[in-house]
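Look for subunit A in each of the two complexes below; its partner is subunit B in the first and subunit C in the second.
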Partner chain A sequence: MRVSGHRLSIAALVGLAIIFVNVAAAVLAPWIAPYSPTSTVGSVWLPPGEEGFLLGTDQNGRDMLTRMLYGARTSIGIALTATILSFLLGSVLGFLAATVGGWLDQLLSRIVDTLMAIPVLILALLVLTALGSSIPVLIGVIAVLDSTRVFRLSRAVGMDIAVMEYVEAARLRGEGLWWIIRREILPNALPPLIAEFGLRFCFAFLLISSLSFLGLGVQPPFADWGGMVRDNAQALEFGLSAPLIPAAGIAVLTIGVNLVVDWMLGLQGRTMEDSR
Partner chain B sequence: MSAATPSKSGPLLTMRGLHIEATGFDGHPIIIVDGIDLDLERGQVLGLIGESGAGKSTIALAAMGYTRGGARITGGDIVFDGRNVLEMPYHQRRKLRGDRISYVAQSAAASFNPAKTLMHQIIEAPVLHGVMSAEEASQRAVDLFHRLKVPDPDTFGRRYPHQVSGGQLQRAMTAMAMVCEPDVLILDEPTTALDVTTQIEVLAAVRDVMREFGTAGLYITHDLAVVAQISDRIMVLRDGRTVEVGETQQILEAPRETYTRDLVAARRFHVKAGEGGSETPQALLEARGIDAGYGSVKVLKGVDVAVHPRETVAVVGESGSGKSTLARVVTGLLPPTRGQVLFQGEALPPALGQRSREQLRRIQMIYQMPDVALNPRHRVYDTLARPLQFYHGLRGKELREEVNRLLDDIELGGDYAQRFPGELSGGQKQRVCIARALAARPDVVICDEPTSALDQLVAESILELLQRLQDERGLAYLFITHDLGLVKAIADRVVVMKSGEVVQQGPKAEVFSPPAHPYTELLLASVPEMRVDWLDDVLETRAGQELAER
Partner chain C sequence: MILSLVAKRLALGVLTLWLVSLLIFAITEILPGDVATAILGQAATPETVAAIRNQLGLNEPAWWRYLQWLTGAIQGDFGISLANQRPVAPQILGRLENTLFLASVAAVIAVPLAISLGLIAAIKQHSLLDRTISLTTLASISVPEFFIAYLLIFFLAVQAGWFPSMARFDADMGFLEQLGVIVLPALTLVLVVLAHMMRMTRATVLNVMAQPFVEMAELKGVPKWRIVVQHALPNALAPIINVVALNLAYLVVGVIVVEVVFVYPGLGQFMVDAVARRDIPTVQACGLIFAAVYVTLNMLADIGAILANPRLRHPR
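So, the complex of A and B:
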């Protein structure tokens, strides 16, 4: 299999398959889930396969498979939205800082430095405690925190491109800042940004899971993987596998995205050598 | 060393039917060197000449049994001093390199470690190879510094690479290569990155040292006039094959092959017919009393330059003379601290952002490196269409037709519209850059060394294109260059700059006819001429002048 003329590695293929399955689960949850995600359908903590529950049941006797499908919907949905927002915010500001430079660059960079100096999880906990946890606030907090990393990368990549003579040629033509960012810089900055998108998605996804695990993320009765690990954690004491299922979901998706990102980064290395 | 030398007779280095291949990105083999025979006698210098991609460096590196990453020797023999290099085990080959064959790279700046002193790096190889002790090697290095005529030879080695000039660094690199007293010195375009005036000194120093030690050499260059000064024989290469081999004199005076003849002819430019440039009183573009700099560093001091309609004004000078800064001031990229830029008698706003679209349109620019002057993600069509939309509001069918007309004008044709810059050669890229400037329908085009990154014959065709466009469209050029041969060919008027000041300016004939300003004279005398004894003549004249000055 090939993507834009480059052969996919086996690892990348596995990664893509994992992403595909997860996204399909998230999108199709209401149609393929066998039960309702909020209603009790069996006894508590049934092991996988028993009484026709493919993945068993959770601490309230709800179907685990259904919860996993709906959980994918929440976790992936929030992570994706937050990552897209963080890229819009981070890359526009990053390119702006790189092209305009001067005091604007100083101002933005120092703000970002300050934000990055505070541990992400602690800052997120503070904000969520103050504002109360709802899905829009959660998305907003993660987007802003993640955008600092995107800003750094965009600014660095943008600075390399902004000194190219084709950018100078556009400035000499009299092109506006927005046009230069959109048409001259963005297309050339895209490959590293796309790879970064995968990584940032993983971080956002893990952050939501951590926050939910700590009780400040997605609130019940909504299903989400991090929350499911916490809710079922006690089952471990009885030698039951319930919390391992959402935990495995988190791990597998993160690994899958990383496999694809690795392949893309390797590709960039090669094309960079080529263009030399 | 001499213990390893089995014979003092016979050729030092021979190559027979050398083939070198590389694997391309798509997996197909690319032939880099295609059956080369080469003979190098002891103490002789063989010049390898050809355009980029001719295989010059690859052949020279193969003499050490070395190929660059991805390339491999697929056939032929390389015999060095009676022994087949390709059959040697790795450790013997390693001993050969640096010890008996050594290499001087084009860019000395990129070859030195900035964190260590020059001496440390020069003596590293012989000490590492166990050929001599550190003291012995240092002594030799100092001796070489004397012979290579670097300033303060006794303490020169204590300096760091950034503390010496480009010419001195190139000489340090030569010292590094010579410290083991190798039998063969491979010089890979050692003077290409240097200014003309520095080039002479380095060339003379290297030649003298090689003669004193009886070192044989492979001298790689694309400049026939340079190689003529140092080589006994010349080998002309093209696409990995030998075009012609012969004595230097014969190659220069009676080349047998058409390609060699073209190379020799390209250096002898067709001088522009008629002293063009109508001297109308009104200058098209004028810079008056310009002072400019970066931060506290003053680069330009009181520069006055004027360009009249339909004329070519050449700005010449060595690197660091402020030529390119002048272009930045004129285009508005760098607002001057004093003075002003006038267009048809009216002052232009100093900064780019304050100039109107119409003011910007009339002054266009062509860059030195077409590789970075074109956005790699824009098709040729987009690159050319944008200025047409931006300045003239063209769209739809009209726009497509105009892009095609531009492509015809630069002799590429409409088929190129859908290509990306990566699918074009250097010369083609530069043509697209020219078309992008033309699309604005400018009055003045600023050309910043537009041919210096191109091969000789390609550069020639770009110059012809520029000249034709000037005739057809009545363009004026502000032509920035360090190449005086080029200035002689294309300029109507000449501005000579040195350390940010104009030392002389006027019509070409006036500037170049004696008595010229001493600095102009120096620049003129430094342009290599296509004859064997040019370097000796220059050195003799200079020695004479120095004596007279005392």
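So, the complex of A and C:
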């Protein structure tokens, strides 16, 4: 299989398959889920495979497979929305800083520096204390925190492109700022930005999972995978693996995305180290 | 020359800390949403709202509250907790010690292990160990901390029964007993940072090994281990110091989730509880401490690099 002239590695193929299955699960959840996500259908914490429950049941005797499918909707939905917003915000401001320069660049860069001087989880906790936890707040805070990294990359890539002769030529032709950003800078900055999109999605996905795991993310009755790990954690004491199922779900999807990202970065001669 | 560079970086660190304190205060106090109503719930009477606004000093201007908070914090006074009406600072102190203990045990194991494994991987490039490291790094940056933690609990605590699954930690325990209790949380933290630190060390050393002076030493017939120890390592020291400090900073944040998993009585768990109760003074204090440790470690990373690498002393 080839994508825009590049052969896919086996690892990247596996990654794409994982992403496809997860997205399909999230989109199709209401149609393929065997039960309702909120109704008790069996006894508490049945092990996987027992009484016809493929992934067992959770702490309230609800079907784990159904909860996983609906949880994928919440987790992936929040992470994806936050990532898209962070790209809109981060890349526009980043390209603007790179092309306009001067005081605007200084101001934006210093704000981003300060935001990045505090660990992301701490910042998220501070905002949640002030605003309380709701899905719009979660999406907003993750998007803003994620956009700082997008800003840095877009600005750096934009700087490299802004000094190219074709940009100079466009300027001399009298093209406007937006035209230059849209028609000259964006197409040339796209390959690194697409890889970054995968990394930022993983970051958003892990952050929302961690927050929900801490009990500060998605609130009941909605369930996401991080929250399911938290709710089922007690089962481990009885030697049952219930919380490992949603936890593994989180791990598998991020590994899948990272496999694809790793392949894309490889094509661009970059590595994961550059962009943690 | 070195001194002035270090002084400059120190000054920048202090400036960053100040900006961070401003940001922490701004987020928790100025964001929309009336804090007093949020704490008391929608059913609060106007009188109780007014009382709590008064206690929080919300009737004063924001800059004045910030100044009071900052001068207090510098002197170790973080105000009164909204949850139990007791001063925040003494409650935090013991928990901070516990967190530092857990993080230091993890660091003492992870740092030498990661550096030596990274060195071996660099010397034996393309070997089995080298490839294993590449694979595990990808997995370890993808996997949430709590997944590693629960896997360890499931297999080592529940199935094998070797270690306790909960860190029933007490400051009055003996040192060895304390170490026994925190085996699993410390191991989780080690695994979280190990692969990444190894891979960065490996990349750094390989980078130096590609330099002409290493090739020169090879052509002179210097044995491989001497090339690594005498020629490559001193030049790789600055980036390695950087790697270690960055990972320690990462450790300090990773500790929050790990403490919650193992019910370890540290600052991270304390902060999470305070966020759930919307106990603003406590959250501000914990946030400031975590951020300060993080900023300081990043600053030490840069200063270490300046001291270890003469080339950084002459900025172009």
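We adopt the following convention: the second predicted complex is superposed on the first by the 269 of 276 C-alpha atoms of A that agree within 3 Å, B and C clash if a C-alpha of one lies under 4 Å from a C-alpha of the other, contacts with A are read in each partner's own complex, and residues count from 1 in each chain.
Throughout what follows, a residue touches a chain if its C-beta (ideal position, glycine included) is under 8 Å from a C-beta of that chain, and two chains touch if they have at least 3 such contacts.
The model shown is predicted, which means the values in this text are computed figures rather than measured ones.
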Overlay on subunit A: subunit C relative to subunit B, clash or fit: fit
Computed vertex angle (subunit A) for partners subunit B and subunit C, CA, steps of 10°: 90
Touching partner for A:L126 - first (subunit B), second (subunit C), both, neither: second
Subunit A residues touched by each partner, larger count belonging to subunit B or subunit C: C
Which of subunit B and subunit C A:E175 touches, first, second, both or neither: first
First (subunit B), second (subunit C), both or neither touched by A:P187: first
Touched partner set for A:E237, first subunit B, second subunit C, both or neither: second
First, second, both or neither for A:L216, with subunit B first and subunit C second: second
Contacts of A:G102 with subunit B and subunit C, given as first, second, both or neither: neither
Minimum distance between Cα atoms of subunit B and subunit C in the superposition (Å): 6
Intersection of the subunit A residues that touch subunit B with those that touch subunit C: none
Contact set on subunit A toward subunit C in their complex: 113-115, 117-123, 125-132, 202, 206, 209-210, 213-216, 226, 229, 233, 236-237, 239, 241, 243-244, 247-248, 250-251, 254-255, 257-259, 262, 271-273, 276
Touching residues on subunit A, where the partner in the complex is subunit B: 164-166, 168-169, 171-175, 183-184, 187-188, 270, 274-275
Subunit B residues within the subunit A interface of the complex: 25, 331-333, 352, 355, 357, 360-361, 364-365, 367, 369, 372-378, 386-387, 390-391, 422, 436, 440
Parts of subunit C lying in touch with subunit A, wherever the complex brings them together: 16, 19-20, 23-24, 27-29, 31-33, 35, 38, 137-139, 141-147, 150-151, 153-154, 158-159, 165, 196, 199-200, 203, 249, 252-253, 256-257, 260-261, 271-272, 274-276, 278, 280, 283-284, 287, 290-291, 294-295, 298
